[in-house]
Every structure is written in C-alpha cells, then in structure tokens.
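Below: a set of structures, written as structure tokens.
Shared between the two complexes below is chain A, which pairs with chain B and chain C, respectively.
Right, the complex of A and B next:
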C-alpha cells in the first residue's frame, strides 16, 4: 500500500471567518495586511520554551510558533506536510518514509536536515515527551536517515496513527547542532529557542511577556504576515477579558462562558470555537470509578451514578454552552472511531437510577442518603457515601455532581486538590473513590484513549487508567486496533471496544469541552490549532 | 450594661444576635438546601430567589444563611478554645508569678509571633480543608493576646486593697480568683473576645475566598469568591455574601467596642 500526503499549505482563507455572530459585516478576512503586532494573553509563565521535553500546555502555547512538526493537522485533524513535503507508507503501515522540504533553515541560519529529525526523536521526544514516548516509543523499532532529505521510521508492527502524532504539539523538531551532547532539560537554548517556525525568539521576561519576531526566511512563501507576536502573561481569566476589552491584548485562548455572551453582544470581537485545548485536543470530562473500592464493585451502582448525571445541565451551567453532552467513550472529534448510537450508553433518567440503586441493595431512608441492605462486601446500614476527587479549578463540576447525586440519595464528599497533588493521590497512592478528569483523546484513540482502559497502564503514570479497569478482551481489541491500518476496519474495532465500555462502565463520560478563542475584530487569519498566528494579521 | 444602649452598642448587639439566630435556625430559615439545583442559572434577585441564583442555579439566600451557620460554628469553636486557654494561662501567670509566669509568658510570646493566617493555610494544605482542623489551629494560636492582657490585669489587681483584704481574711486562692478577681476581669474578656472572634470570622472568610474552606460546607468566603468569577454579569453573587461578612464582622466589632467603652466609663 502506498499513500502520499500532499504538501498542502493550509490557506488562510480556509481558516478565518469562523465568526459566530451572523449578520455583522465580516472582517476583511480576504484582505490580509502585512506588518503589525499581535498581543496574545497566556495564563501562566511557561518557565522554559522547549516544547519537545514536555507536554505542558503552558509551554506549548508559548513556544509552538517557533517550531515545526513533520506534519501539521488541519482543523479536521487531517495530516498535511509541514517540515515533510510528502511521505510514503510501506509494509502495510510498518514503515514510514518522509521526504523533507528543501531549503528550510533554522533561525540561526544552519540548514535543517534529516539528522535533526532523528536526533529529536531518539534523544529528546522518546525520552521526555510523555505522550509520544508512551505511544510511538512503545511501537517504534528504528529510525534511519538514508540521505539529508529522507527519514525512515520502522515499526515492530503496522502502526496506523503515526502521521497524526507528528505535529508541533506531539513531535516538535529541535536543532541537533544546538542540543547534541547536552542535557536537553538544562540546555540554555530552552530559554532562547532556535527553531524553524514562522516566528523567531526575541526576548523572554519571566512572569511578564515573551516577544517573537517574524522569521523572514520561513519556508511558506508570504508567511507570516505579522512583524511581531507578544505573549503576555495574565493569570486571571477575568483580567484577560478586561485587557481584551481595553484593547491591551488582541487574542485570548479561552474565555469564561458567562463573559462570552456579553462579548458577543458588545461587538468588536471575533470568535473561533475549537476542541483544541492547551493540554490536548478532543477532551472529555470523565468521571472515574475506583474499581478497587467495594462501593463500585457492582456495575448497577456505577450505572445508577451515570444515569443520575444530567449531562445537559453541565453543558448549560458549567460550560455555558462551550461543549456538548458526550455520546460515547471516544470523542466525536475522532470521526472514524466515535460510536454515537450505543444502546447501553447511559443517559439521564432519575427513575432508572433510583431503581438500579434499589436493586443493588441501597435502600432509601425517607428523603435522605441511602443505606446498604445486603450489598456484597459492605456491612448493612452503611450510608451510600463516597469521595469525589477533583482539581480545585473544577469546583463547579464537583458542586453540580454532588447536587445531582443527592437527588437520588447518594452523598458525595468533595475532595478538591491542586493538580500535582491530585496526580499523586489518584495515580500513585490510589487513595480515592471517584474523580473527574479532563481526558483529552487527541487526534487518534491511540494517543489519548487507550491509556484509560488497557490493564498495562494501571499504575503510577499520571492520567492513565484511573479506574484500574482491566478486561482482557478490551486489551486485545486495543492491540488489534493499533495494528489495523484501514480506518474503516479500525473504526469497527473501536466500536466493539466502546460497546464493552458502556456495558462495564469503569468511567462515565459527561461532556465534551470546547474552548472559544476571542480576538479583536481588527485582526484575522487565525488557525484553530498548531501555529495559531502563522497566517494572522492585524490592521493598526 | 445600660451604657450599651448607645446606638453603636445597640447596632452591634442586634447584628451579633442576628448572626447567632440565623446560624442556629439555618435549617428553618433557608428556603432550600443551599446545594440543591433549585432555579435557573444566574437569575437576578426575584421574589422566589430574593438574592438571586448562582451559575448552577442554587439559591444565594440559602447559601448566605448556611454560610453564616458555618461561620458561627467556626467562630464559636475557636472562641471557646481561646476563652479556656487564654483565661487559664493569663490568670495563672499573673496570679502565681515566679518561674511559672516566665515559662508561660515565653510560650505565649513564641505563639504570638506565628502568623496565624499562614499557619492555617499550611494546615489546610497539609491535612486538607475542614472546619474541625480550622477550629483547632485557630483556637490554639489565637489566645496569646487574651492571655497577656488578662495577666497584666491580674498583676495589677492582685495588689489592690480588696484582694489583700480578702487574703488577710484567710480566703483561699480559688475563692479570691473566682469571687474577687474574675468579676473585675470580665469586661476586658468580653471586649477582647469580640475583637478576636471578628478576626477569626475574617480569617475563615479569607480561607473560603481562596477556595480552602471545607468543600462540603457552604462558606461565605467561598460564595464571594465564586461570585468574583461572574462579577461583570451577576453582581448579586459577590454582593450578598460580601455584605453578610461585613455585617457579621461589624456587629462583633461594634459590640466589643461599646462593651469596652462602657466599662471604661463605669
């Protein structure tokens, strides 16, 4: 089988004008201008600017404009060439040969070659980039560079999702001549990056701002248009909105739902809805049940909790419409794998929830909390009460979860924690009953779905299999999906997996979240993902 | 007590009494469970929801009432601990004197230099949020001021003639402390307790505002911080809990002040 990816340059016209307000005059999206400065607000100081050594959303947001991947992903998550001009797939998907673009140079003038790609993968990405290391690293056999313009990746078995894992987020390419022989975590270039991207590094004031200037030698003719991009650190979301309204910044990566409606009404701003979040794309807010706890042994109890959750209320009152009810374990953003008509997928039904709890032996006492009466492994008279561990920033989810479950006689004890403590409590100590996590599926189930369900990922790695779910048929189906190359056939395997998952319910998938980028009407040409400002412009 | 009848005293007493009543009677006063999803999202104040609803559709009035209850519980708990420890240390130190006084006062000084708010932050960060540990950490660290003032009062009182007189009549130490000393300390104790509990209330609200209050209890500070997120679209979310904190702290302060004034003039 031979497949060629065309080196399509994603045209600016395709990506702009996603304005959600109808009737207002479109900004002159088709008349971009040269020059000017874009000021974008970022929520946190990144600390360093090397996207290859981390999956931190803050670092990637601040640094991706300076780097490239072998491919970039279109808004539909299709791979198109970036540093690679085209690629061949051989051996039924076990060998990928990339033909690199001619005449690409690093920001310091050195030429970009296949050695940079090999170095980036072998010495950096497969060691320090946790998602790529865990997926590609497991499957890869070797990387070879037949000549300066060609790279070959050989896998132990056919590996279908590879092209989707080569964008600047999953696999940014860094310069060998700067990083060779050094500790990539400590290299001074992490603070003064040298990349191939549309913008080059200018200055970095920790905690304040990062300034990038136009790369005049960028390999896409005529891009970028902006002279300068300034990334300004403004930690508080409310302050970001105020800065946008005051004209101090031109671009926000996200805006709180309640303010969105107001900005839409006020006018003067454009909106771009996307499922790409700094931590990954296609994220689903997911409730995990700790299957090691007696209270969640009975699937009827888990199903009762799932049917007691009114997901629409989460969309309306927590997300303010920035998302939708999850219909399946796999995100609707992964079109070929998403199964939206699973008959066993729980939907909100209070009566069913109450019946299931009665059946499971949790008996209601008046209006209060249910108590055990003949539940296996639980002494009679124990109240139906369990903990719910969550990021402190997800408190609205916790409050709504608690209120909805109280309605069917379940008592929930909230346990908010800071992210790093949360990762330790849930994945290392496993000291929790249930939790909620934003699991980002990525562009392919291999990237962000598999880790939640296969038994080999139970253990200390953060944001892996939180439920401690283990089902041999699911394990083998995931193996089958990885080595199946035809998207239709792969989709069928993922469908079977999802049928088992909605029956076993180790998790419950509540809502798919979206972010809304907001920018000043005098700017345009933005992209949803990757190099958001590659083709952007701002009229002065 | 007649002097409490001045306006500040009346207002202080009324507000404090209101805080206590609302706290005690919360289950009867609140229209709904403060956590129940009871109305539309972000509804401004209406007849059914006099203080409006929050983003999830919870009744703000019920939240404020239960928040006052949480504040009252914290303040009472801390107040009790401070009262017991502060009074005991102060009187023993002042009345006994000698090496015991030295030991107690060095200990008091050591505690006095601890920043209470940050200590509370550390405890919450380490043990997780909860009303019980908040009461303990604030109770165990808030008494030094009371102890020191009581000690100095005791020092000056025990040389007064009426104490000497009681002693020459052969009264026991217990009798002297309880019947002669205590009534004279009472106004000071009352004033200081008012000020200390007002501080505790503010600390509790601040922790809640930082998201460090017990997540399963409703706290005024937490409600106010939730409101901050919606400041531009729903003023009522921050305004009413904020007002409730103001009223409660004002009440305790006014009451404490007027008691102090009243006794000074007596």
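Right, the complex of A and C next:
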C-alpha cells in the first residue's frame, strides 16, 4: 500500500527550492519575492487551451499552469499527491483508491469533487487524450466515486504504471459543471479555461499571447509567487533568443545549440537542463532497421551499423552537448526500468563493424565500397547501400550518419521528409530501409517504450513499431511488466527485455536528448515540467 | 465604364473563387499526410485514429467530403477547425485585422517611398545619387525578407533599442486607448518596413523608368518650353503618365504582400493570418487553409478590379466595354 500526503508535497517543494543538482530548479541569487510578471516565450499558438483533449505539446505548454493532475511527478519522476492527497493500492494493483484533497475549488469558485475526476476520465481523457486512451483505456474496467472525496479505478488485471500516468500532462482534470453535456472539442471553455491550477485564465489573443493571473485560492499555501504569467507566441527560435537578450521575455523553453554557448558566455541568464517536455519526455533518437528488408535480415549487419556509429559525435556536433549517449533501449530518465551495463549494447568500434560486415558477406572492393557475396536474399555483387528516412529538421543527424557509415564502406541515401509524410511513408506504406525517430519514452515504459517492440503494434499506427519487430518472449515480458506492481520486480522484467533487445537489435539507440530552459537571472524557482512556474518568482 | 461592366467583373469572381477552392481542396486532401496525426501526436492506437477520423468525417470518400464542404460553404460556413474546434471563419477573422494593418501600412510606405525614390532618381539620371539609390533598391529587392528582418532587428531593436523585437503589443504593460495605439504603432514600424522593402524597390524602379520616358516626351518638352517650373513639369505633366504602370504593379503586388506577410509575421511574432496559415498547413487543418485561400484570392481579385477602375480614372482614353 502506498500513502503519500501533503506533507510530502511540501517537503518535495522545499527540497526542490534548495536543491542544486542538475535537472532540478536553480538556486535563487536572492531569496524568492512575491509579485511581478513572468514573460515566457512559446513556439506556436496553441489554438485552444484544454490539455485533456490533446497530447499536443503546444497546447500543454500553454495550458498546464491552469490545471492539475491527481498527482505530480518529482524531478526523479516519482508520483506525489496533487489533487489527490493520498492513495491506496489493493487487489495486487488492480484497484487504485484516491483520497482527494479537501477544499480545492475551481477558478470560478465551484468545489472540486470526485465527480470531476470520473467525468474527466470517462468523457474526455479516455476518448481524446491519445496516450491515456491507448494505455489506461485498454486496461481500465470501471471508475466509481463512493463519496465526494474518493475515487476508485478498477482495472481488468493489475496495472502497474497507473500512478505515473496521472500528472497534468497525462491526465489533467477538467470541470464537469462546465463540460458536462457538451462536445469537449467545441466547448467555449477551451478558450477561457477554468481549472484548479496555480494560475487562472485572464485573456487569450490568438497568435499573440496568453495571460494568466495568480490563483489566490491555490491549494498549496504561499504559491504561486508571481502575480502574472504572460506566454508570448514567438514562432522563430532566433527571434526568441533575441527577445530574451532584449529583455522582452524572461523564459525560453528551449534554445538552439549554437546560441546556447553564446548565452552562457554573455551572462545574465540561468540554465535548466531537462529531459521533460509537455509534448514528450525522456526522448531517445533511435535508428530503426526495417526488418522486412533483406539487407537487415542478418543481425550481424545491424550490429555492424550500430558499432559504426560514434554516438558521442552526435552529442557534440548535432546536439551541442544538449544530451548524452544512450546506454540502453530504455531512457536513463526512467530510473527503475533503465538497465545499466548491458554487455551486448553496441558501442563505437570501427574494426568490429568492419569484421561483422565481412562475416555477413559484405566484401570491401578496391574503391572502398562493399558488395554482397553470399548474403542470403541478396544477389551477389549488389552494393551495400540503403535509404535513411528522416524528418527534414533532423538533417544534421542524417549527414553525420551518412559520413560515419561511409567510413566502413556503407553507402547511405538520405530521404528527408516532412513529419506527416514521414509517418505515412514509414508506418502506413512501410516504404523505407532505415530511419531515425525521436521516440519519447515518457514517465513509464508502458507509455512510450512498449509501442516500439510488441508485435501487436506493427501496422499503420504512426510512431509505433517501425522496425516491424516481433518476438513472442518480448511480447509476454511486456505483459508481465504491466501487471507487476513492485517497482523492483518490474525493473527486473524490463532488464530482461532490454537484454533481448540489444541482442536482437531491431533498433539502435543513439542519443538521449535534453532541452535547455534559459531564463533571466532576475527570476528563479522554476521546475522542470507541467507547473514550471508554480513556485517561480521574478525580481522586477 | 458602365455599371454593367462592374457587375460583370464582380460576377466573374464567383467561378474564379470556386475554381480556386476546388483546386485547393484537391491539393490538400490528395497530398500525403494526415490531419489526425497532428491532433493525436505520436501515441495514439489504431482505435483512437479511427475514432478521430470518423469524428471529423475524414473516413468518408473524398467526393462526399467535398460535397459536405460545398454544402456548408453555401451557408457561409467554412467548417470547423480540427485543431481548435470552432468555426474556421471566426478564427480567420480574428487574425485578419493584424495582417490588414501590417500589409496596408507596408503598401502605403512602399507607395510613398517608391514614388519618392523614383522621382528622386529619374530627376538625377546617371548622377551619383541615382546610382547609389538604384543599387540600394536592387539590393533590398534581391535580399530575402527574413534576412532584412533579422538585420533590422539586430540593428534597431537589439542594438539601438529604438523598437521592440517582436509582437504587436508590450507584454508587461498592457495599455488602452491612445497609449495602446502608440504601442501598436511602435511595434509596427520594423515589420512594416521589412515587408515594404522589396515593394519600394519595385515601385521605385518602375517610377524611374516611366518618368524618364515621359520626361523625354513631346508634351513634357512643350510644358518646359512654355516655361513651367521643373517641379511642375515633373509633378503635373510627367508623373501622371508615368504612374500608369506603377498603379498596375501596386495592384498586383497585393499578392506578393500577402505571401511576404507570412515570413514577416513569423520573424516578428506578428499575430496575423500568415502565421495562422503556417500553423494550419503544418496541422493539415483544411477548413482554415481553404478559408485563407478563399480570402486571399478574393482580395487579389478585388485589388485587380480596383486597379482597373483607377486606370479609367487616370486615363479616360481607357474604356472598358
């Protein structure tokens, strides 16, 4: 049984504001102050402000400060109570009973109750929030509300990842009294939201800005500190940096690698590294091998490609240091599931790559290229050459990939495409040899890892099993992991999965990417995701 | 010119717009990609995608989708935006004033500066002032809009601090009434100048050529011989004939301004329709895309019509039948 109370939340917040480790909020140059306005730049106009009906990062970035989840996640991705004060886990993980916080009100003054939670899940999240619908929706049996302060989720079988899927990004709670009986996609409140979050809606000028004001009745005492948060829409990344330098904005959610070094040198700014973004967290740039293509049938060829890749160069030259070499199929951001020291995880070794290619029957010619000699399914004399499909915005990855593989005699043809066309080419038409995708793992492997490897996700669903990998033991291990509630035991199952994956190599995991938040030195107290400005302050 | 002519020209707008919408509809719906992907992000399952497609009628055959679109349009309804869940016409109209303000200001600046440059260079033919001004104009014409934009931001906003870097209003001190107008005007200067820059070049060059031709013509020589002072010769006798082609160009440049506005709005964070179009194209939000197509094509056609009418006013010999 798990019980986490508000005391834990308060101590987490205190911990957060004192901590100096990377990835947690920066220390204040001065002590926090009350009042003032924070101007944050956002990249795109969200169009609407209801985070429950979409997983769009633009909408979540612009709206999460106005809403809450049942839980929030600490920087270590541990769930602590938010709208829920505590919870019990029964029936070996098939029943979750949440005890809701007392005295929480919506921004319009109406009381928040268990009916809001039931409504948000049944009528909105499980229909329109694609991540929650695809995972929780499949496993859930029923939701009941024994009283106004209690809500119970019953699952068909034990469902371990649930507490990690209840933060404001995965499951924001919206008011039943405003949405009941309406089409949630077309409710006018999507433009004038009513939430329970630290900031309340003030105004929205489409394409220009969203203004939020302090929620004076917020359930965390003393928060928020800021009077106002203004989210300015500045689509161009360079213009965002210039606006920060000119003092027109105080906070950027990300900054191009090339500008980062300059801002660091210039001074006057603070930096917060994070792997968490409202659109997806714990992302790994992953090369997929299309296992339906003859060239990738032999695992030695796949391993040769993987060992010919020098991932550190991607960190240095593509990410400008905003990331690290991936060491396992599951992100290091999911601590309990990430497996260290996998002996079969490929690391850069040019000689091994050359040897593996020779063994697989790809023989070097005088001009340095390789041709097939006894490779199964491929006529002798066929040159070793394959396509590499990628988003146009990932061109720097493509150039480096091509250059590194040319070094061991592999010819790569780059095929850059716009994202929606990419999705169709790779997942619907399956007309590609290899590709690179930023697979975001999320807070739990059930959210963003499983879809890459289980055989049931081979097919037309975008950003699922690109490799068309099918291994019955992996399928059943994922089932086992979902129903194993003890984190230690669950982690062991994920370790077994990763051991098989690095042996089979349907993919190669290149780098874990990070974003760098940059903010003016006169501000502080930020946290990584969701309610990034909940405890923030700005000296005017 | 008769009322009949005007009515005929107005009636022509209908089939032209219909054709534009039809081509636009086909282009958007036959292009690869899927609007549901933009909505769902990357984590939906097959069931979710099917549900959303059905909700927006995207699972229907294309001809039925077209039929629904036309039927709605006949009632003045462009349809509901997939992403925003409200009428596309409402969304477009919200963003229209910002774009109108930007393009109208740019067109005014371009016309005044262009005519000014044209007169200045034509009356100083082959002098160093002519050569310098012509070179500068050609450079602004050749430079991409985003480059001029970034350069002006670095020089006058970040460098000199005279103008704000981005946006249409100040973020920190919202204003009302007159101070609001001043605030918007302050934010408008740089984007309007950038959008006007290539148009100044086009209008300036054309005015110069036209004016030089007129200055060598018989009626101008006669005016000079009669002793009219030089400003009078240029302003009254030569300019009227010289601006004929310029008017045509100004009318035709409306389309260029609309496309230039897209880039300028992105660079300056100007909350107009151009940026709405960029977002809608990314999301394949076809009701918004088609609505903007319709609006822009109607504007261009109207601008052409007005150009033709100004022709008649400038030169009564031009008769339309």
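Everything below uses one rule, namely that the second predicted complex is superposed on the first by the 509 of 540 C-alpha atoms of A that agree within 3 Å, B and C clash if a C-alpha of one lies under 4 Å from a C-alpha of the other, contacts with A are read in each partner's own complex, and residues count from 1 in each chain.
As a convention for this text, contacts are C-beta pairs under 8 Å (C-beta built on N, C-alpha and C of every residue); 3 or more make two chains touch, one makes a residue touch a chain.
Computed from a prediction, not measured in an experiment: that's the story for all the values here.
Aligning the two structures on chain A places chain B and chain C next to each other without any clash. Of the two partner chains, chain B and chain C are each touched by A:238. Once the two complexes are laid over each other on the shared chain, residue contacts for A:403 go to chain B alone; chain C is not touched. For the combined model, the angle formed at the CA centre of chain A by lines to the CA centres of chain B and chain C equals 40 degrees after rounding to the nearest 10. In the superposed model, A:415 lies in contact with chain B only, and not with chain C.
Within the superposed three-chain model, A:190 lies in touch with chain C and out of touch with chain B [touch as defined at top].
Put simply, more of the residues of chain A are touched by C, taking chain B and chain C as the two choices. Touch criterion met: A:259 reaches chain B, while chain C stays clear of it. In the superposed model, A:395 makes contact with chain B only, not with chain C. Figure legend note: chain B and chain C, brought together by superposition on chain A, show a least Cα distance of 7 Å. On chain A, the surface touched by chain B in one complex and the surface touched by chain C in the other have residues 238 in common.
Of all residues in chain C, those touching chain A in their complex are 32-34, 37-49, 51, 55, 80-81, 83-86, 91, 94-95, 98, 150, 153-154, 157-158, 161, 164-169, 171-172, 174, 266-269, 271-272, 275-276, 278-279, 284. Residues of chain A touching chain C in their complex: 37, 39, 44-45, 47-48, 53-57, 127, 130-131, 133-134, 138, 183, 185-187, 190-191, 205-209, 211, 230, 232-236, 238-239, 242-243, 245-246, 248-249, 279-280, 418-421, 423-425, 440, 447-448, 451, 457, 459-463. Within the complex, the chain A residues that touch chain B are 237-238, 241, 256, 258-259, 261-262, 313, 316-318, 320, 392, 395-396, 398-400, 402-404, 406-407, 413-416.
Taken in their complex, chain B has these residues touching chain A: 33, 35-37, 41-42, 55-58, 128-129, 211, 215-216, 226, 228-234.
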